[in-house]
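In the part that follows, the structures are each spelled out as structure tokens.
Shared between the two complexes below is chain A, which has chain B as its partner in the first and chain C in the second.
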Partner chain A sequence: MVAADEDRLAAADRMANRSGTAQRPNGSTQGKICQFKLVLLGESAVGKSSLVLRFVKGQFHEYQESTIGAAFLTQTICLDDTTVKFEIWDTAGQERYHSLAPMYYRGAQAAIVVYDITNQDTFGRAKTWVKELQRQASPNIVIALAGNKQDLANKRMVEFEEAQTYADENGLLFMETSAKTAMNVNEIFLAIGK
Partner chain B sequence: MTVPHLKHPEMYFGAITFFAKQHKEDTCGSNGLPLTPNSIIIYGKAQILKTIKSPYLCQYLDIIRGKHERTVVVSQYCGQSLSNYLEKNTFTIEDIKRIAYQILTGLNELHKKNIIHRNLSSDNVLLLENNVKLFNYGLYYMTDNGKLVSFPIFLTNPKVDIWSLGIILVELTLNKHLWHSLKLGQRIRKILSLLQSNSSIFERIAREHNCYELYLEIPQEVKEIIELCLNVYPQNRPSCEELLQKEVFNSFTKPTEFNNKKLCQPFEIFTINELYHWWQLAGGDLIEGTVLGQERNPATLYDPRIVVMPLDTLYQRFENIPLECYYPLIQCKSDIIALAEPPPYDATGLPLIIKERDPEYQFHRVILFRRLLHGYPFTKDLIIKEAQKDIPPLLRGEIWATLLNIKSDYKKQYLRIDKFTPTATDRQIEVDIPRCHQYNELLSSAEGHKKLKRILKAWIYQNSQYVYWQGLDSLTAPFLYLNFNCEAKAFACLSHFVPKFLHKFFLKDNSAVIEEYLAKFSQLISFHDPELASHLYEINFYPQLFAIPWFLTLFSHVFPLYKILHLWDKVLLGDSSYSLHIGLSVLTQLRDRLLTSGFNECILLFSDLPEVDIEKCVIFSMGTFNSTPKKYNPPRTRK
Partner chain C sequence: MAKSTYSKVDEYGFQRPDDFDYEMYDNFMSQYMRVLVRRAQRWSTLKGNIYKKTNTLKRFVRKGIPSDRRTEAWMHLSGAQFLKTSSPVSYSLLKKQINNEQIIEIIRIDLPRTFPDNIFFPTDEQLPKMLYNVLAAFAHQNKEVGYCQGLNYIAGLLLLATKDEETSFWLLKALVEQLLPQYYIATMAGLLTDLDVLDELLQKYEPVVHRHIHNVGMPWAMGTTKWFICLFAEVLPTETVFRIWDCLFYEGSKIIFRVAIALIKMHKQEILHTSELGELIGCFKNMRNHRTVVNCHEFMKEVFRLSGNLSNNQIEKLRRKHKK
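Then we have the complex of A and B:
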């Protein structure tokens, strides 16, 4: 686990460097306010809305309702001397709502693709989303992969190393997260913001 | 003056209470969600008991969850228990035969439904005039054979009830409380000692209680029944059916069977359900101030006491309701007769929420609607007319079904549909159900989950032209909530609702219909509120970004259940364009904030919809609905 964590941190550093050179909409410089459009994608019931709720309000609802269409939330944080305002589009997970997704990821500077570590299918679906983003989204988009429900690690079906390898190969920032325990939730958003 | 009307000897109720087993803290199910509290599982499971109606069974009325996993069960309670009569009056042999026959008939009805009483004793067989009713027969069933509680109830089979019947008959024939002076442990020892008995158990009990002479006088045919019941080997005891065939009961069988087979059920002006509802509205409280409200205590996890509810407050409250009001005229063409009617109970101008809690008003509404529902479909127009005023919550499920034109064969239709074969949609349904209106006790119970799944699968099976879009679960929830004990009706309501109000929304490609609704919605805003429309346009705040769940689920994914019910009371009276007007009225309620906000603030407002006043929303949307030129109105509806 320690080795894995080091890998993760290394990956985070790499990603942070990359996103440092990413294009920013308002040409933000130090001491300025920077707006940041971010979209969450992934199979339904993997915990997209829960991650956002944890990040924005610090809450967790066991019975978080499903998202239809999309929901929009914002969160403002200070990174060093820059104020970063996250504008987060949280999308519906059901495959049928797929056709709406481009409306939300178009023009997004970052995406978090979420899967559920206890369900292999959701990981497959995450890979499909990554491919689609690489093809269709803006070329400079920062993509993070979140293996959510880390609190259920004893029911794990997707190995950490497998996801890490995939993330490395595709230049993705990767963390395992838990919206329930708050593990790595702020971290993944902040790593993107850097 | 009309209170005697309410004081029907069968219309009394009582309550018992027990505590469900508590989960250890912080335990989670396999899906990572917390385990459903046992009291909620019991709550869901017990609902079906409310549908059991029989002259020999007390009717279940309500299940209430209290603090610390307390469950209170309310049921009809009339007459006096048989144990109250023991050692006082002597029953004749004819009486005892009749009582035995009635208990058996009641038990037989339960056993046919796979319900074991498990708790049968002379304490919970109630006698009113010549009629016996079994009480508290659902405890074993609702606690899942005792698994959901921590006081001892052991797994068993229906034959246990036959033994209990035997003991009751011994008590009645000997006119004695058995082993009355002994402590519990001694009693158990006595009963275990019967295991070794080679002679007749009945005879042995009679000797032990110094009743041998009385025993000798009992007719052979009655003795035989008792001996059959008191067999120590359950497998050797007869079933209810077998006992009912015995000659000794011949004199009771025929007339009863004749009575039971009436072609249509007699019309009752009101039922005990309604009396209980009015009693609650009149301030009846089960939990405060009685044994039902005591703290959790390991010694009283099950409390054998029965609390009979006093009805005086209700009688006082209804004292001045004239007799005519029990018989409202619904189709009266004569002015003279109409003028002689008492003036209607005046509730005009009162907010809906107050009207729904006013016992007198609900009395009048329920009496009237029961009559109208009885005459359905011939009274359909009158039902619509009355529903435009308001819908009494107690009868909402039935009234909605008539407004949706549900036909009488809905049960047969539902039975035919495949609800079980696995399909590709199952995974989606399974992840959505545990997130669908889970604050509600019924919908979060295990029974609720199972029922919702079956209804959704049935709907998909039946509508091959449509697919499951997330949101269909929310759309089904109000129908299931209102018809929890009749899945078929919930399904029929959904099946009639979708084509009428959400035509084409559940097509695999529904983009055309959604685009059409959203475009009409934009037009509607421009027509009624050009200033708001142009502001929203300027800040790029398009309906696409927030209104899809509004129209796709007719707000059932947006509002909590109690608001949806009030909203849909009106939706059902409108057409498929009405949802646009609801949307407009929501925007109007938030108008000031929208006008002064930019894109982000506006969209945030809808991601976390603030408190919307549903009554205002309904009034406003009815106004615009009726005043908008037709061309802004309905997208295509199926005829």
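Then we have the complex of A and C:
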């Protein structure tokens, strides 16, 4: 079912693109259209695919299939008088898939680095991703840090303040999110869009 | 004729896509039933040491192993039966050696994330337990691979096909350790090599498509990583995957390239019509709905017709060239 939805989405996208190329993204009189390449990085099972699924389709699956390689999804939203089209790469989290990651973050304008607030190791891994992006990704990349699974705050292992301090020191946007309850999911994507 | 007598899930418990063409499938199945009956008859004429590798057997395998013989045939053709009988350690003993908490934890996290939409996996009490045993036993006896995401899908399909835990374990072991080159180790070196090998093969066999994909700016790995890692599980319809695996167990990893080349050729026009990355990715994602892909019998014929002559020697030479 999910695959079929994605396919319909892809088909809708293709149509949108065809008319889009006729108008050209910039310089049209009907408000600005901007395209945005965004990549999600982070340890396995922190909720990368779930955040994307919530943002793109407003859905949540308790058990989201593990992502192999990467998944590509798009979402178009209106911000003031600008139409923003997100092209989202949702990557595989397991450490050994790391060598494939550069092709997904290369040329990305934004990245969401995700960790699980109930698991300290995933926060460490998030910091490693931030460092790698700062060194290897394009210098203007906007990086957001998402502390996901906020609905499980009673099992919290990473303090909000600790992550906020780290984000401030590194110039990152930061929010705690919950793909399950939808808390801050649209917000974090929109904050990046701005 | 009624619109369709087929359920919304396939015989292995997977949901069919929302836009599944039941009429086309009806037509295909009415022919395919006759094919299956004929293949079963033909297989029953095989006498003596029937798994001795001969041209006849190779042809028989390419035309599909009857499903009631699949488990036995896969075990013999892949070398898994030999692994099992010559192993100094039994499977039940291997299961007793499962003790590494870190490996246990990552496998446990992936269990409910393996085929959550399949009607058997989430409801059956035994299947997830069997999947855990196969993956954990495998990870403990092969430290270089351990657990690699993707193996859950392969082991899951092996369980659905054979309905037997121990058989699935030996088949997984034969696949990962003998039939496929180092796809799943920590560096994934074998995968990275084979991605480059496919790149070069397509440059040779389909230069126009190759140039187009290059111009659109899609690295091959974006479209094909899952083909190699999951052996087309989660990529193509289940019965089509099993027909590919019939050949994979007999002929080895070269089959992956043949299927990949054929898929690209079948979708040549669609690919050439794309003009940007999102469209191109969508085209790769939609390949499972192609008429020929659903008609697994026709598909396998096309695979061998379209991919021409591809020798193991040629593949090995390219692998050495692109070795990581």
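We adopt the following convention: the second predicted complex is superposed on the first by the 164 of 194 C-alpha atoms of A that agree within 3 Å, B and C clash if a C-alpha of one lies under 4 Å from a C-alpha of the other, contacts with A are read in each partner's own complex, and residues count from 1 in each chain.
As a convention for this text, a residue touches a chain if its C-beta (ideal position, glycine included) is under 8 Å from a C-beta of that chain, and two chains touch if they have at least 3 such contacts.
Note that the structure is a prediction, hence the values are computed from the model and not measured.
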item	value
Which superposed partner A:74 touches (first chain B, second chain C, both, neither)	both
First, second, both or neither for A:125, with chain B first and chain C second	neither
Touched partner set for A:151, first chain B, second chain C, both or neither	first
In the superposition, chain B vs chain C on chain A residues touched	C
Which of chain B and chain C A:180 touches, first, second, both or neither	first
Chain B versus chain C as contact partner of A:194, first or second or both or neither	neither
Touched partner set for A:48, first chain B, second chain C, both or neither	neither
Contact residues of chain A, present in both the chain B and the chain C interface	44-45, 62-66, 68-70, 72, 74, 87, 92, 94, 96-97, 99-100, 103
Residue ranges of chain A in contact with chain B within the complex	44-45, 62-66, 68-74, 87, 92-94, 96-97, 99-100, 103, 118, 149, 151-152, 155, 180
Complex interface listing, chain C residues touching chain A	15, 17-19, 106, 109-110, 112-117, 122, 148-150, 152-153, 184-188, 192, 219, 221-222, 225-226, 229-230, 234, 275-279, 281-282, 285-286, 288-289
Chain B residues touching chain A - in the complex, by the definition given at the top	30, 32-34, 428, 431-432, 434-436, 438-439, 444, 467, 469-471, 473, 508, 511, 544-546, 548-549, 552-553, 557, 600, 603-604, 606-608
Parts of chain A lying in touch with chain C, wherever the complex brings them together	1-8, 10-11, 13-14, 17, 21, 44-45, 61-66, 68-70, 72, 74, 87, 92, 94-97, 99-100, 103-104
